Amino acid sequence: MKEKAIAKEKVCGRPRLRNLMPGITCPGCHYGIIIRLLCEVIDEMGIEDNIIGLAGVGCSYAWPMTFDIDFGSCPHGRAPAMATAIKRIHPESVVFTVQGDGDLGAIGLGCFMNALLRGEKLTTIFLNNAGYGMTGGQMAPTTLPGMRTTTTPYGRDPKTTGYPLHAAELVATMKSVAYSARCTVHTPANYQRAKRATKMAFKKQIDGIGYGFVEFLSACPSVWGLSPVESLQFIEEKMLAEFPLGEFKNVDSID
Amino acid sequence: MAEKVFIDGNEAVARGAIQTGCKHFFGYPITPQSEIAEYMSRELPQIGGAFVQSECEGASIYMLYGGALAGAKVMTSTSSPGFSLMQEGISYISAAQAPCVIVNVMRMGPGIGTGGQQGQTDYRQVTKGGGHGAYRCIVLAPSSPQETFDLVQRAFYLADKYRIAAIVLTDFIIGRMAEPVELRTLEFGPLPEKEWALKGKGGKGGRCDHPAGAPRFPGDLSKGIITFYMHLLDKYQRIAESEVRYDTYLADDATLLVAAYGSSARMARSAVNMARAEGINAGLFRPITLWPFPEEPLRQAALAAGKVLVVEDSPGEFVEDVRFAVQGRVPVHLLGLWGRHNERGGGIIYPERILEEIEKLT
Amino acid sequence: MDRGEIVIQEGLCRGCGLCAVFCARGCIVIPQDKVSFKGYPIPIFVEQERCNACGVCGWMCPEYAIEVYKYVER
Amino acid sequence: MGKEETRYFELMIAGIGGQGVLTIGRLLAEAGMKIYPNVLYFPVYGAAMRGGESECTVILSDEEIPSPAIHRPQAAIIMTEATFLAPIFKEFEGRVEPGGTIIIDSSIVQNKVQRDDVKTFYIPASGVAQELGSHQVANFILLGAYLEASKAVPLPVVEKTLGETMAGSRRKGLLPLNKKALRIGAELMANYKG
Amino acid sequence: MKEKAIAKEKVCGRPRLRNLMPGITCPGCHYGIIIRLLCEVIDEMGIEDNIIGLAGVGCSYAWPMTFDIDFGSCPHGRAPAMATAIKRIHPESVVFTVQGDGDLGAIGLGCFMNALLRGEKLTTIFLNNAGYGMTGGQMAPTTLPGMRTTTTPYGRDPKTTGYPLHAAELVATMKSVAYSARCTVHTPANYQRAKRATKMAFKKQIDGIGYGFVEFLSACPSVWGLSPVESLQFIEEKMLAEFPLGEFKNVDSID
Amino acid sequence: MAEKVFIDGNEAVARGAIQTGCKHFFGYPITPQSEIAEYMSRELPQIGGAFVQSECEGASIYMLYGGALAGAKVMTSTSSPGFSLMQEGISYISAAQAPCVIVNVMRMGPGIGTGGQQGQTDYRQVTKGGGHGAYRCIVLAPSSPQETFDLVQRAFYLADKYRIAAIVLTDFIIGRMAEPVELRTLEFGPLPEKEWALKGKGGKGGRCDHPAGAPRFPGDLSKGIITFYMHLLDKYQRIAESEVRYDTYLADDATLLVAAYGSSARMARSAVNMARAEGINAGLFRPITLWPFPEEPLRQAALAAGKVLVVEDSPGEFVEDVRFAVQGRVPVHLLGLWGRHNERGGGIIYPERILEEIEKLT
Amino acid sequence: MDRGEIVIQEGLCRGCGLCAVFCARGCIVIPQDKVSFKGYPIPIFVEQERCNACGVCGWMCPEYAIEVYKYVER
Amino acid sequence: MGKEETRYFELMIAGIGGQGVLTIGRLLAEAGMKIYPNVLYFPVYGAAMRGGESECTVILSDEEIPSPAIHRPQAAIIMTEATFLAPIFKEFEGRVEPGGTIIIDSSIVQNKVQRDDVKTFYIPASGVAQELGSHQVANFILLGAYLEASKAVPLPVVEKTLGETMAGSRRKGLLPLNKKALRIGAELMANYKG
């Protein structure tokens, strides 16, 4: 057998649209996995030449440098406004935003909701890691009740800080939205489901139907104070209990 | 001669922008400039452009930023409180050196102010950079609808030429007064391609617009903070050397120099006429660019006259730049908003009041 | 016959351990006492025989530190 | 009424929102543009939609016009006593320059001008307008009166301009009534007896 | 009969908590009716001594001057943030905001939604007149499709400007909200229903249950270009078709 | 002597506020000052106060405004981009004359800047009023944790005394460097009752906080725009006369005056020591209040020395106020951020570099 | 016997006509040709006999221009 | 190592986030506070949570400390070759003042100091730490080595301070290991042979 010519075929490695440079996330952060997913989606959909990304401020701030596509960065929370203008000026392009749960859910909530209200045709990748990673682990609107963060040192108390934002469900209530789903990449099967959802969210834009939105639950070992492996379990047990996965809206025409 | 129309300063803003090729406008209503957005909402859809009513001035400036990065000629307009809300965005625009035009039709006072009435109390916030990071914007202050029409076109040119935000500063009076305006297209010469614009990489390498990302152009923040600022300083220096604009009126033989900009310069001009009629050799110095400030020409004119009277409809902001220029070498007097004929929002510093002050000083 | 192999780039790996978790065939282990030159615990590809080159470890590596190769006969 | 040999006219109009102060001001200015090289129209109105202070200045001149704001106007049309914040009548009564002209809608303003160095005309414009069928045309009556008194712009030029500006408008059906009001205003002034 | 002593009993007039000063709304504007309603509610609930109002910017900007209660004004859209601080500092008081559909629905949407997310115990009176009154009749997020405004001169086109905001329904989806209703005052019967709803929205705050929200459809003859009487009909025919009346949430405890 | 603790400038902000009676804090995370909010989130609930994490700096400033109107001692803190977002709110606060304290722990650069690193590029936005309406805020610039602790207490006092927003301006260096701090309570004397505060009318007549509403206090905007501004100008004048603070070091016999504030003043002080060791008579002038600016004392010191070297970690903002003060009567040199030892965010203008410049000038 | 009366304050009324619409008993009319001294059409209380002092016209007047009185015997 | 007759110590520590650079810097400063009237601790770290540049300065002095930032420190501990953006080793190798001290974690940093006007100590701290059971205590080993070399603060004072600061912490179980690492570092330095 050994004599037979054996060739190596690459099954997996750095995705083609991921620039060659080290990542700058913490060990075990799922952002890297989501970047792979996005690269694959863009690649497989054949839209790399006319896609434009806009990253919010947060641990995803460096995404513009890491993708081999046109990719801008935005002031904290303002990606939907910037994306709006770009899409209006280049309507033939595919425009998406990448935003953390602080970026979209707190400072940028008004900006984002108004983009939905205006009926923009955009796609948003929403990174829900239940906290502010970049600035050192403060509470985000998505922080679970009882969870300790640097600004909820005694655990998040809904009496004084409210309940978690359920973005995917909220988005689904808006008329101009064509697609809204919540996904994770914390298992290979979920990775594949998330990939399909992401393609759908782009397709709704490309087909001119409406807004496409995908919320990713994403492990943040640093803020959660857990190991990367414990974080998988945390998603499974705690995050999924608060944030159920699923498609909350998927329509092919609006009105 | 091009067609002449009877329009006010607000309409002159909108028409000037369209005349010079602006097809995308982002704005939020606020008195006394909502008419600019309204004009755009009627006209832009007809020429294949887009008018987007933003949800607030913050959104306007971030849309403007996005539009500028997309490589289009873009404009927004607002009035004072709205301009305050734009400061973070202007700072980002300045860091990214994204060319765009911002119009501020000032109204009086801090806070809600006096309900969209006359005032010139945005001088500092507009000229000193109200946002973080020690940037500069070009500031042009027209004093008639015609000049507004022309300067808006120039603002677009300067924005593209220097990759900078160019602000056109008018106010209630200039915005709403109507005069005949000649619809002339100003030609300023060729401009560089915007190869840095985000529009889909289209076969080329992906462009990254990120301060810490791959360098996109000279002076990109990613090259390091000193390189970045030296590039900016050099650019600001070039602007200061080439783009200073001002106007003088009977200043050559003046023994009293009145300094005023925008709407106040109109009243001041009347006052100078009145003073001349009385045999007082008053003259007028009117900065057209508030940044770069015509520091040297003003100093020369002030030294020649020996005495300066600043007129501004504010508690005294522009006067600081005049004092800075004059360096304590001749006396500088201020007639501020206390020169108004009444306390209400509609109060005005009339030429008669300025004349009084001129008489007092001679 | 081995069906494939994986290559772990020590310089990219940050020792998160996800590859070990997700290899359903148990081909990867992370002995916590071994540290890479960057100071991170390092995974080891211990069971090449069982690897079916499914690629999962590669997908799930947040650092793109794993390349997975399938052996194909020519 | 012109200053020196060059032609020069100033008019201020003051009232409350809804009375058409700005409509006739702008109309006069646009008509003036057919005749004068320099024309200026400067409105002042509040932020609230209806019922607030409303005022404008029109200047027609052979020479350059420096200040858009006139403290002591040649002529004023006063359409209200006062607004919530501003004592309109009092203020304008005082401001018109000596020798100038004050035209008052005497159906609305009960006060009388206390000065005797100005020409004052009390025109019951709103009353007459109501008789014409709409109290909304009082403003045209007052403009007609001013045109007659000042001769700043010939009435036909104003009528022509009005026709042009109303051509595309939803209100163009009102054109005959507006023209009628202008003429009646001019007549009232022509026949005015202190 | 004539000899009998007849006394006059005042049935109706300027409400006690309405200061003696002229209103500054346009003829036929319903804001005046809603002011009466609020005065009556505060009076009847006996809370005038410890209620604090915060008005947004819009045609309701003058409300602070017209009520004989502590009443502040806010920067455009920011009443919920100001109210938050005041309520936290004076937790025993009743704090409410009055906001137009531009104020709350556009510039202030993020500020408002975040107050809901933080679980504030406040009450909001939302004035939906389908446009921007104060600034001269521009489109608001609530403007009806097809409606002409000064910034939608060809009629609001959902393709480029989206669909109307349904605030009361949106608010009802938020967990920390105890009460949400939509009302009108365009008939006496509706006036009474609206009054009951408003009391309920205050009661939820007073009882510490959660946020209380009442949306009022309000005639704006000026922006709509209709007479006051035609405006009543417009509410009946057009506004109610887009914005159904009703209670969308009414709970006595949250979690 | 009060207890001494080893804390950094950020903790000194939080502790100083609590020490002087602040129980309500509103803030949003941003590097390098999130530690202030984090400290407050731990401590305030324990003393019956409230820490509210706002959703953005805009919300922080409006909460601060609300809190100030409610009559409480309130504070927020942020860093540069966050301060830009507060400009509208600060303008409203200034119009309402609502007393409060704002802390800006500066970071470098416009836009996203250099990721929360050292810089002094907010001078203009903080001192010139970045919002609309020509208002003023008191600006205090400490140069150590102890001074931070003390000046925060003073800021609360001044805010209440003058009904004004008082800003404490620190930066990355002052915020993060730790030194022993004595936890002393500063006493400044009695303050007036806040009868204007909104807290429910409680049997009295309703208080209306509206610019065009019933007059609440002298200088209320409702009294008319001139009265309002004359009141403000008078207040600003009183502050300028009584509250100017500055520090000098070996300035009396200096033949070269180094002018610097905040963190740069620390490096400058080392450089002055080095220069003295070399026999160069350098001295230091350090403004503590950036507004009111110590214009007259600086002019005197500059004239006495004959030469000024400004050191600031910026492309040149503070230098403008120095030039204004000096009126061209002695030369003013600038060592700006190009004096840093490297291009990165962590670049610093070291004392050695300042010394070099001092040597060049002597 | 008349059961009550209403008083319309001309100075406050802005002629919107809502009172006339909402009086179920038709007691109020607005003759469009009559204008108040403020320039607004003015409502007239034409049918006192039918007025039952229900107060509705008062509630619904946005300007609080109407006071409604009920006659009660002492 | 003190300057002139008054006591004066400067130390800079540089590495990447997660190595405990700031922990030992702050510990040294707090211990120093028990002895010196003037103490300064100045950390520099980026905005990202883990793995970025991390650096701090500690100054202990009898005299007032003007500048918190030291360009040419007396002593430096270097715990990494370089970060993504910054050539840490290169930079600090050059910056230490002539006659000063450089202590290097030689398990991590492969480079050698090229200057001969400084005292250089290559301590295989991470390696030794791993042997001790946790590569996380390399920082304490290096601090122990510095204390031995400089005599800036007696080891027992540092240990006592460590005990105090860890008292309330979740990590207080690590105290014995940390102390052990300090002592081992001191020993390695005491027995150091070029």
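Some points to look at:
As written, the chains take the letters A, B, C, D, E, F, G and H, and residue 1 is the first residue of each chain.
The definition used in the following text is that contacts are C-beta pairs under 8 Å (C-beta built on N, C-alpha and C of every residue); 3 or more make two chains touch, one makes a residue touch a chain.
All of these numbers come straight from a predicted model, not from anything done at the bench.
Counted as hops between touching chains, the shortest connection from subunit B to subunit H is 2.
More C-beta pairs in contact connect the chains of A-B than those of the other pair, out of A-B and B-E.
In terms of their C-alpha centroids, the spacing between subunit C and subunit H amounts to 36 Å. Once the centre of each chain is set as its mean CA position, subunit B and subunit F turn out to be 29 Å apart. Distance from the subunit F centre to the subunit G centre is 60 Å, each centre being the mean of its Cα atoms. Put simply, the C-alpha centre of subunit C and that of subunit F have 54 angstrom between them.
Those residues of subunit F in touch with two or more other chains are numbered 31, 50, 55-56, 58, 81, 88, 92, 111-112, 115, 211-212, 342, 344-345.
In subunit G, the positions touching at least two other chains are 14. Residue positions of subunit A touching 2 or more other chains: 22, 26-27, 61, 73, 75, 106-107, 109-111, 114, 117-118, 134-136, 141, 160-161.
On the side of subunit E, the complex with subunit A involves touching residues 105-111, 113-114, 116-120, 141, 158-163, 165, 169-170, 173, 175-176, 255.
Residue ranges of subunit F in contact with subunit B, taken from their complex: 58, 80-81, 83-85, 87-88, 91-92, 94-96, 106, 108-115, 119, 121-125, 128-135, 211-212, 221, 223-230, 232-233, 314-317, 320, 323-324, 327-329, 336-338, 340, 342-345, 347.
In the complex of the two chains, the subunit E residues touching subunit G come out as 1, 4-15, 18, 22-23, 25-33, 36, 185, 187-188, 191, 221, 227-229, 232. The part of subunit H that touches subunit F in the complex is made up of residues 26, 29-30, 33, 38-44, 46-48, 53, 55, 65-72, 85-86, 91. Residues 57, 61, 73, 75-77, 102, 106-107, 109, 132, 134-136, 138-139, 141, 150-154, 160-161 of subunit A are the ones that touch subunit F when the two sit in their complex.
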